[in-house]
Structure formats: structure tokens, C-alpha cells
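Before I ask anything, here is the structure I am working with.
Note that the chains are named A, B, C, D, E and F in the order they appear, and that numbering of residues resets to 1 at the start of each chain.
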Amino acid sequence: MRANNVKRIWRKGDAVVNGWCSIPSSFSAEVLAHQGFDSVTVDLQHGLVHYDTAVPMLQAISTTNATPLCRVPWLEEGIIMKMLDAGVYGVICPMINTREDAERLVSSCRYPPKGYRSYGPARASMYGGADYAVKANNTVLAIGMIETEAGLANLDDILQVKGLDSIYVGPSDLGLALGGIPTLDQTDPKVVKQILHIAKRCKKFGVKAGIHCASSAYAKKMIKSGYDLVTLSADARILGVAAAAMVKEMR
Amino acid sequence: MRANNVKRIWRKGDAVVNGWCSIPSSFSAEVLAHQGFDSVTVDLQHGLVHYDTAVPMLQAISTTNATPLCRVPWLEEGIIMKMLDAGVYGVICPMINTREDAERLVSSCRYPPKGYRSYGPARASMYGGADYAVKANNTVLAIGMIETEAGLANLDDILQVKGLDSIYVGPSDLGLALGGIPTLDQTDPKVVKQILHIAKRCKKFGVKAGIHCASSAYAKKMIKSGYDLVTLSADARILGVAAAAMVKEMR
Amino acid sequence: MRANNVKRIWRKGDAVVNGWCSIPSSFSAEVLAHQGFDSVTVDLQHGLVHYDTAVPMLQAISTTNATPLCRVPWLEEGIIMKMLDAGVYGVICPMINTREDAERLVSSCRYPPKGYRSYGPARASMYGGADYAVKANNTVLAIGMIETEAGLANLDDILQVKGLDSIYVGPSDLGLALGGIPTLDQTDPKVVKQILHIAKRCKKFGVKAGIHCASSAYAKKMIKSGYDLVTLSADARILGVAAAAMVKEMR
Amino acid sequence: MRANNVKRIWRKGDAVVNGWCSIPSSFSAEVLAHQGFDSVTVDLQHGLVHYDTAVPMLQAISTTNATPLCRVPWLEEGIIMKMLDAGVYGVICPMINTREDAERLVSSCRYPPKGYRSYGPARASMYGGADYAVKANNTVLAIGMIETEAGLANLDDILQVKGLDSIYVGPSDLGLALGGIPTLDQTDPKVVKQILHIAKRCKKFGVKAGIHCASSAYAKKMIKSGYDLVTLSADARILGVAAAAMVKEMR
Amino acid sequence: MRANNVKRIWRKGDAVVNGWCSIPSSFSAEVLAHQGFDSVTVDLQHGLVHYDTAVPMLQAISTTNATPLCRVPWLEEGIIMKMLDAGVYGVICPMINTREDAERLVSSCRYPPKGYRSYGPARASMYGGADYAVKANNTVLAIGMIETEAGLANLDDILQVKGLDSIYVGPSDLGLALGGIPTLDQTDPKVVKQILHIAKRCKKFGVKAGIHCASSAYAKKMIKSGYDLVTLSADARILGVAAAAMVKEMR
Amino acid sequence: MRANNVKRIWRKGDAVVNGWCSIPSSFSAEVLAHQGFDSVTVDLQHGLVHYDTAVPMLQAISTTNATPLCRVPWLEEGIIMKMLDAGVYGVICPMINTREDAERLVSSCRYPPKGYRSYGPARASMYGGADYAVKANNTVLAIGMIETEAGLANLDDILQVKGLDSIYVGPSDLGLALGGIPTLDQTDPKVVKQILHIAKRCKKFGVKAGIHCASSAYAKKMIKSGYDLVTLSADARILGVAAAAMVKEMR
């Protein structure tokens, strides 16, 4: 089975640099995937993408060596399993607030007897290879988002769920949850404190930690703080910011 | 933040005239939105539309002053939040049968601490404006449908849920629920009685009342009966009825 | 081979009532095709439709007994033959101004030795039947639009082109060509005069005459004036007009 | 209302031959539906299809006499009812593990008072006919998949749920559930035993039994073993296998 | 009729800052159009866009004040007129090499008697307004590309074609034509010489000059050199360059 | 630059086995491209595919080692250059009947000074590599179809056009042109004679010969007869034939 870059990099003790697609287009996804990211995530939650537009995006990412991941809209089995069958090698799921949430996520991503994922990897076995059935459980990542008060309160419980590979921090929601503002690259001390806390607890339980960043500078800081995966902004945001800067220079 | 026509009209004590899109096309949505409606609803429940076709429809509606709303297929957080991020200013949710249903709907539409909507208004903040994060909770409408026996039985409970802006009546389902027939512009006394009853209870609890109508004549009657929002048929139905009439004249 | 309603009706000496699709949606096309039209035309010229959206529209029309036609954007072989392969039973081509134009249109629609249409009716033979290759030349209609000064000047020449089944009048372009205004249901005497003239010359040469109308009333008048096919408005226009009328009643 | 082939064939005591679409294209669906199947199922679970691509596929199937069915991704009301409104005459639902699951499936497929399906058959009433509202409950099939240990354990309970028309066996998931391998056309005795057992229990409770097969040979065996519906492979698989065989002959 | 920013700015003697869409997505087009450009061009030539994906992009651009333009794939009437009907306010046409080419371009963009554009502004009249028919000829821009040896040789002839509003320079093709390399922001003296020459001849004949640039710096230089419209890179390129820079900082 | 399998195989003196896509779906294209073909052609002429659906198909093919080719609808520069920019490594063009046709095809596929292809390989340079500009002229194939009486008459003239890499025979059109029937795998002696004649003339002028076949058996025969590239049927046909055979076994 084709290897999962994320797992491979983590085994070496390095950090993953992840790209993020919110534009529903296979061409922008292909452009992004060609820029050197280790993995590229198609965002079905806050991105303007749902399943029918996500499929060609995954195909486009598959023309490169970047490992395809996705974020699903919610903890709903239907879409989680559809995305796995479409070939993603990892599912980021929002709002994992309890041990039960985490267990449900993990079970959705694993074939029996480890979980209750249904079998039919229509595109995944073309992407992954003929041994997908045997190796998928050890290749596909289950990644839960910690971004609410409840998630923080139940963090240790969640981290002990067997098969949960990683935590992913959504700094905007975390900010709102802590009475701060919804933004990436948080500097609010009470939010930063929790961000650092999460990384430490992850390390303690042998779970990898990922976080969404707006800038490379902040991302590098996060890696130094113990994060194992950093996302660099998102396609639409990168495009908007860079284009606005060019226009501004003209005025 | 760009104002919500529906709220603005309601503040003046007037009734909203709402258009309805069930054709999965951004062009028909744009045509409809140009005909003078105060708001236009993209129907993801009974319309032939799901998320991937809804996004360009919302963009098309945004070329006009009509406020974009949607009806979601079911009380499922994934699609509710996706549609809000895509820029709708109100969510009509079918089958609100209990206080718990209504609370879940409202919470899905509100950022913390008022609810558990996740933050990431990718298109909504382009449509609404830079202050979307701060003002969305007061701009976006949570609208629950009363259309079952249970919904009628629990009406007062539902109307007391904090943050529920409006009730929307689906006369077809209400007809079925009451042992009548599934049709708009109901004349069956037992259904009409409940339609009037709902409007009264809404008024009592300061919740707005909306209803789906087939004709302008019935819609005007509903406004006189206390309804605050009336939908005029739906694009596919308007097209079908008008085209059939033209053909009939030829034969 | 499945019969062509238009030819069948013409053989009986009757007039065809044609529907018109400009909304790029298979659902609106299906709705329109269910309203009793003899034929339904997908408009790739002024409609918001090109080939990739036209294919599912033709499939939707094929769920009914209405015969599928199309209007192509221009006298270009690529799109004419693509639409025939996709299953249309007739091609309306704009701006036929000379005998050469008409010959090129006819040749594009006929297999050798009658023309130079290329063989490969991928969907057409599913729609038409296994004998498509043998019968297509006698089933598919070549319809040229007369809508310019040149077209009027060369009318008799054009009408004598072997294999041209019908003329189609675009009253808006004809109006502009004659120094009038671009509108359907023309009442400008100099335009009306030419409209009547075209029908007479068609009759003289045994070519059928069609015309685009906005209303059933005008369409009936055109049939009385010798037209063999009348189009009733277009989906987007029917929808817009009917919806605007409903909104107007509310204000 | 247009008849349901599946019900019609079952009434005669015969077995249904079902086609299976996993390619998200209305053209491949139309091609498949023209090959003589009694019914054709659009697979929204393991197929690369979700709602927005499924609609034109259903339209394409409607150009033939094959009855359209679907498999939904999961037991979620939103998508079940959307597919019924889009015109499917039967819903295959994965992972029916308990009596409660089966009841929820059936209720989602039936209008009150038999269930809680919401009314608005936008396309279904065009496909089915004007009496859809009255006859849908007796026409539309609710089909639950037995494919887990729990499903097997609760089989008799599930089969006694009123309104459940049929069971559908997913041999791959069943294989995994029983500690075997995920494959169609199972020969593993412990899996075969359960496949035969399911057919027998279905017969006992008057519920029809369906099963997914890879080959005609196995499908015929299943009919002899008491199965009432057999699916023959799936479009993508048929294409891949046949193309690979042709290439192999060349090397 | 809604004004054309490009004409308005040119009347004031200022230069237009133009954005460029090559990603076939209405969301990326909307994002780009929100960044302050005066106009935004949908590129149907080298962009990954053809008509069916261009329509929703134009709708998305119409949610902002940026004036929509397009570049067509070739001097072909079919697509030129389709794009005008879809609402673009200007057509950039590649490879205008002779006076005849320029005349054909202009005629395709103008209603009679000034040209032979066919009437049917299905979306354009919604975007432009009810007086579109009367004012379109004075609002819509015909822009020819000079990018070949022949185009340079015939430059003065081309510039004297009545109704040609502007020239647009494609520096890559111009580079190739002059034996240089295909790149934007040319520094090769023999190419730069021609770029400056074109601007001068344009000024002489009262025709506006536009040019495609990769950077704001070069664009500013071009304005100083007499160019009236500058394009700033293209969406896919902006995204790719910015994302690659972010990744590079991480390694 | 990524190598062109077709050229590489031809250099070795071997024959290319080519797959053929007429289903407008990136998933079916990906499935086909995984079956071991040397090249896969997206058919924009008789396939149900135009540009907007072709792009994701090319991306899907790019996930494999199969070299992507296309057939364009007609000898029209717009679509030829768009497909090259989208990344095809060869263009098959129908109805090459004269030396002028062949020259126009070749010129459309080559950058100056060898032709007049316009520069802007938006996706092609991602697929091909950073040196695309320099190497494309030697990598991209120009392939003309001989399928008419005129084409046969002018064969030697056509074969001497510099830069024409290959001839492709369309047996159905050739059959019609010769008064036979439109079918693949021709056995009609007068057609077979010409098929063999073409291969010989190609050899004589150092041009490669390709032909469309329905079966592997015929394809092998064609290779023995001197053909350098054979196409094996087409996706829709393979699917239809194989599915029909399976259904037939059941009845």
C-alpha cells in the first residue's frame, strides 16, 4: 500500500507541513499540491466543498506525492466513510468533545474488528493499492479537533481513546470557547496557554498534535512548542491576501 | 455587516415576501432573485439541490438585494453550519417537533457562548462584511418548521426556546399530520384552524410566523391572518404551471 | 428508429408547439418537457448553456415524449455534430445568410454521401435506436435561421438548398436588421411584413417555417399566417415574468 | 402511478436482476440502464456519487424502463428523503443492526401515518405520476442491509419490522464481520452459511432477500438459494475488469 | 445601463488595474473580485475555464463592483457572443493579426448596424439593466491582442479599425514571436522595444493599450510607459507563488 | 519534461495500446487509466465530453503512467490549444482531408516559429515539467484522421506535411466514405484494402499509423498489418457490452 507521508514523517520525529483547500476546484487543488506540502487537506467543513466537488480534488492531489487528507463537516458516519472510500488517508473531525465522540470517530475509520467502517474502497484501493483492505486500518489517520470547553475538559479522556492518531487544534473556535476572539495565530495568553497545554498532553499520551496556522512564522513557533503537524493558511486566504497586497501596491 | 432584509422588515412590522428555489441552477436563482422578492430561499430539502449546487446559487442571489435563506434537509449540524458559512442569513429547518429540536437548531446557528456553531465563515464574511464574527449571532435567523402532530402538541414549548426567531409552516406536511391531504393553500377546516392557531401562538411569544403559499391571493390572506413571512410557490412550480397554461392555450 | 414528432406533425399538416430551454439545468428541462410541448429546444446560442450542461438536459427531455432539438451558437461543425451525437433530432442554426451557409449546415447534419457528418452517435443511437445509422439522415432536421438583411436578400436561394428542412425566424435579430427594435411578437409593420413574406416563400419551396414567440396569442396568429412551428417564450423568461407578476400582486 | 418493476417481479415470484452505478455520470448510468436490467441502483455509499451527481443519473435511468433504486451512505434521514424526492423507488440502507434501525429506515420512507417522511416529491411525482402522494407508501421499497454481527444476531427482530420490504446482503462487510475477507461471491463456508441462513429467515417472515454478486454465475446460484434480487457487479468494476482483460490480450 | 469601470477610468485618463481568473471556480473568482480590482477577466484561452464553468464565475464577480471581462480562446463568433450574452463588458481576443481579424472581432461585439452580434442578452440584460439593447454597443469593449509578427507588422492597420477599443499585449507570445522566451515582465530589449512601440502607436490612434504583468512593480512601470490597463498576474499563479514561498520558509 | 509514452514506444519500434474515454467522468477515466494502457484518449468529438468535463478527466489520467491524448471535435484552433494547455500530449483531429488541413493542425500544436500555438500551458507545465516551453514542440503529437474520400485522395500530400506525427484511421467514417457501413473492425474488402493502404503509405513517409478497433483480436491483426497504435474500443462500449452479456446470462 502506498505510504502515508504523515505517518512516515512522524515516525522520523519530524513535523508535517500541511496545505489546505477550501476552493471547490480540482485545478486549484492541483496547483496547491504542487508547491511542496507533505499533505494537503480538503476542507468539507468551512471550505466551500462538499463530496461531489471533493472527489476531483482528491484526484488532482493524487497527481503529486502530497498525501490527501480531509476535514469532514461534522461527526457523521456517512460523510466520513465516503471520504475514506474516495481515497483520503486521514480524517480531521471537528468538535470532538468527549471520549465517546473520539471513539465514534475512530470506529468510523476502521474496518472490523477495530471499528465499523463499511467495506467498499472504490477509489481508495486504486490510490492505495491492491492490499488496501489489509493495510488501511494501519494507514488511515483518525484526527479529532479540540476546540471547545468540553473538549479541553475531557482532553485526557479523549487522548486515551485507542486508535486516535492525532489531535488538531482549531484556534478560532478555541478562541471563542475561551471567551477570546476567533482568529488564527493566537496571541491571547489564555488561548496560547491552552494551545501549549494540548501539545503537552498529546505528548504525554503518545498522540500527535496538529494546529492550523496563518503564517509560516507562527507555524515554526508551533513546531518548536511541540506540534507535529502545522497547516499553512488555506488556498482562498493565500490568494486573497496576496492579491490584495498586489492591488494595494498599485493605488 | 450587511443588513438582513427579513429582520429589517419585521422590525417595521411588515411582512416579508420570500422566493423559493428548487431548481439546481445559479441562473434560475439569479432570475428569480431579480423579480423583487425580499428574500430568496434555496431549498435543500425538497428542492433538487444539495450543497455543491447551492453555493453558486447563493452567489447568484448575492448579485441582488434579496436576502439569501435556505431550508436544510434535516436537523443535522453538518449541513446547517456549511450553509451558514456559505452565506445564508437564515436557516429553515424541517420537523422541529420538540423543545430539544428547537434548541439544537438554535445552537447550531449561534457562535459560543450562545451556541456551538463552529467558526469559519469562508464566504459569509465576504457577503456579510468584516464584522461578521461579531454580528452574525444577531443577524442570522433560526427558523423551525411546525408540520407534525408532535410539533403542534409541543408548540408552546418550542416557542419559548431562546433565540428561535421564527416558525415556518409547511402546509403539505401539516395536512398529512392532521389526516388531510398534502397541499399548499389549505382550505380543509381542521388544517386551516391549526395554521391560524400557530400564528396566534407565535404572536403571543414574540416569535415570527412564516408559511409556504402557492398563490399571491392566499399569501395575502395569510398576512392578514397574522403571518409575517409568506413564500410564493417555488421556481419549478411557477415555471411548470405557467408553461402548461401556455401550451393549453395552443391546443 | 424513434420517430421525430416534428416531422410526424408536419406530415399531418399540423403546427408544432415547441418549448425552449435557456436555464442550464436538467431539472428545469425535465419540468418544461413535462408540460405538453411537441418538441423542446436546448438553446446553446443565447441560453446559458453549452455542451457540458446540455447533455444532462437532453437526457431529462428524453424521459418524456417531447422531441429534443437544439440551437447551436454559430455555424461551426464541431458543436453541430457534437449535439447530434448527443441525441438531438434537429439543429437550429443562427445567421444563415447565404446558400453556402445553408449548404454547410445541411452537410454538417447528414452522413455521407449526403453530407460530411462524422459517424459516432454515442448517445443518439441509444435514444434513437439500433437503426440510427440507416435512418438518421431522414430523421434529423436541419433548420436555418433567417434574421439578417443578407438572409432576407438570399431567401429564395437558401430555400432551394436540398435537405434544408425548415427556416426559423428570430424576430429580435430580424427587427434589428430592419432598423427596428429587438423584440419578440413584433408589431412593427416593416418587420411583420418580412415575417409574413418568409412564411410564403417557405411554402412556395416546400420548406417548413418556424418562429420564436413570446405569447400563445401571437403564436396562434403565426400559425394562421402559415407558420409550421411556434416556440413559446423560454424557460427563464416564463419563470421571470410569472414570478414578477406574483410579487407585484403582493405590493 | 408508474409501477415498480421490483414489486411487480416479486409478485410473480421471480427474481430481480439489478444493475449498480458507482461512476458519477449520467451517461454511464444511461448506458447501464439500457442493458436490460430490471432495476438500477445508484450507490451513494461506496460509489463515487453524492446527491448533486445522483440527480442527473436518476434522470438518465428514467429514459429506460429500469426502476431506479439507491443505496444511501448511512441511516440518515436527510439523504434518504432527498433521494426519494428525487425519484428513487427504493432505498437500500447500510448497517441495519437492530429493530430500531429498521424501524427508523421504514419510517423515513413512509408518509404519515405510516412514517415521518416529509412531503415534497419534486421530481418523484413527475417520474411516478400525479397520484404519487396516495400511492408512494405502497410503491417505494425500504431495504435494509444485514452485514454485521449485530445485524445477524438481531435478524429475526429486524425481519418483523412492519413495512420492511427486503433485506440486502453486503458480502464484503459480512465477510469482515465473520472474521473472513471482504469480497463478493463468497466461498468461505462460515460466510456462505450465513448468506443462506439470511435467505431462509427472510422467506420465513415474508421479507424479500437481495444480495450483491460479482458474476452472473454466482448470482444464478443465489437465486436458486432463495434470493429474490441479485445485483451484477457495478459499472466501474465491469469496466475495469473488461478493459484489463482486453489489454492483457495485447501483451 | 450599469457603467463599465474600464471606460469610466479611461475617460478620467487613469489606468485600470485588472484581475485574472484561470481557476474554474466561482468561489476563487469571488475571492479575487473582492480584492479591489477595477475589472476582473475570466480567461477562456489559457485558463482552465470554458463556457459552462465561466457562467457562475461571472455571477460571482457580479457580487462586487469589479467589471467583468473575458478572454476568448480564439477569434470564433460562437464563444464571443455567448460570453457577451453571459454578461461580460469586454472581450479580449487573442491573435489579432490583420485588419480583417480586428474587424471581425469588432463586428462580433456590436449589434447591427455596427456589427453582426446576434440579439439575446439573457444574463447581460439582468447585469447591465433594461436598456442593454440600446446601450450595449457603447458599453462593451472589443480588445484585440497583438502578440505575433504579423500583428506587429499590421499594427497601424489594426489600430484604425473603427470600434476597436483597445489592444492587449501578451508578452509571452510576443517574446516567442520575436525569437525570445515566453515570459511575462519582459526585459529582453527587442521585446521591450515592441511593447513600448505598441503603446505609442495606440496613443497615436486613440486606442487604449493594455498588458499582462506578473508583478505590481512591472505594472507600474507599464503605466508610466503609457499603458492604460495592467493585469496583475493570475489567480492560479498568485496562489502557487505565495504558497510555495510559505512552504519554503518552513524547510 | 515528462516523456511521452507514445513517442518512447514508437522509438523502440513497438505498437501503442491506447484506451478511449467517452464517458464524461473523472472517475471512469481514472479506472480506465489504471488498466495498463500506454495512453488514454479523451474523446471530445463523439464522446459525451467537452472541455469543462475533460479537465478533471485529464487530472485523473495523470494519477497513472498512461499518456493523456485527446480527440478534438473539429479542426478548430480554440479547442485544440485549450486541450494542449490542459496537458494532453497529443491531439487527434478528425477529417483531415487536405494538405492545408494537416498544416493547420500541425501549426496549432506548435509554438513559433514552427507554428502559431499561443503560449500559456497553465496545467500542461505542471504535468510536463518546468521545461515545457522548450520541449513541448518535440513532445506533443499532431495526429490527423483519414476518414473521407478526399483524405484518401490526398493521402500522400498529407503525409508529407512536416510535423505531422501520425495518421489515425476512423473505420466507421471510412466505411461510409467508401459506400460501406459505419462500423469498427471492418471486414468489407474495399474498406480493408484502404486500411492496409494507409498503413503502407504512412510507413513510406515515416509517419506513424493508428486505428480504432473494437476488439483485441482485430487490434493484434492491425499491428501485424503495420499499425503503430491501436485503440481498444471505448469505455462506454466496453461497459455496455460487458453488462449486456452478464444480463443475458441471467435470462
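Here is the rule we go by: contacts are C-beta pairs under 8 Å (C-beta built on N, C-alpha and C of every residue); 3 or more make two chains touch, one makes a residue touch a chain.
This one's a predicted model, so the numbers in the text were calculated from it and none came from an experiment.
*Asks:* Chains shared as neighbours by subunit A and subunit D?
*Replies:* B, F
*Asks:* Among the chains, which is located farthest from subunit D on the basis of C-alpha centroids?
*Replies:* E
*Asks:* What is the distance in Å between the mean C-alpha positions of subunit C and subunit D?
*Replies:* Their C-alpha centroids are separated by 41 Å.
*Asks:* Hey, how far is the Cα centre of subunit E from the one of subunit F, in Å?
*Replies:* Taking the average C-alpha coordinate of subunit E and of subunit F, the gap between them is 34 Å.
*Asks:* Cα centroid separation between subunit D and subunit E, in whole Å?
*Replies:* 52
*Asks:* Counting only residues that touch at least two other chains, what does the list for subunit F look like?
*Replies:* Residues 22, 24, 27, 31, 34, 48, 50-52, 55, 76, 79, 123, 236.
*Asks:* Can you name every pair of chains that touch?
*Replies:* Pairs flagged as touching, ordered by label: A-B, A-D, A-E, A-F, B-C, B-D, B-E, C-D, C-E, C-F, D-F, E-F.
*Asks:* With touch defined as at the start, can you tell me which subunit C residues reach subunit E in the complex?
*Replies:* It is residues 22, 24, 44-53, 72-74, 76, 79, 94-95, 147-148, 170, 172-173, 176-177, 179, 181-182, 236 of subunit C that touch subunit E.
*Asks:* For subunit F, which residues are in contact with subunit A within the complex?
*Replies:* Listed in rising order, the residues are 26-27, 30-31, 34, 55-56, 59-60, 62-63, 123, 126-127.
*Asks:* Would you mind writing out the residues of subunit E in touch with subunit A in their complex?
*Replies:* 17, 19, 22-25, 27-28, 31-32, 34-37, 48, 215-217, 219-220, 230, 232-233, 235-236, 238-244, 246-251
*Asks:* In the complex formed with subunit A, which residues of subunit B make contact?
*Replies:* 50-52, 55, 76-79, 81-82, 85-86, 111-113, 116, 118-123, 133
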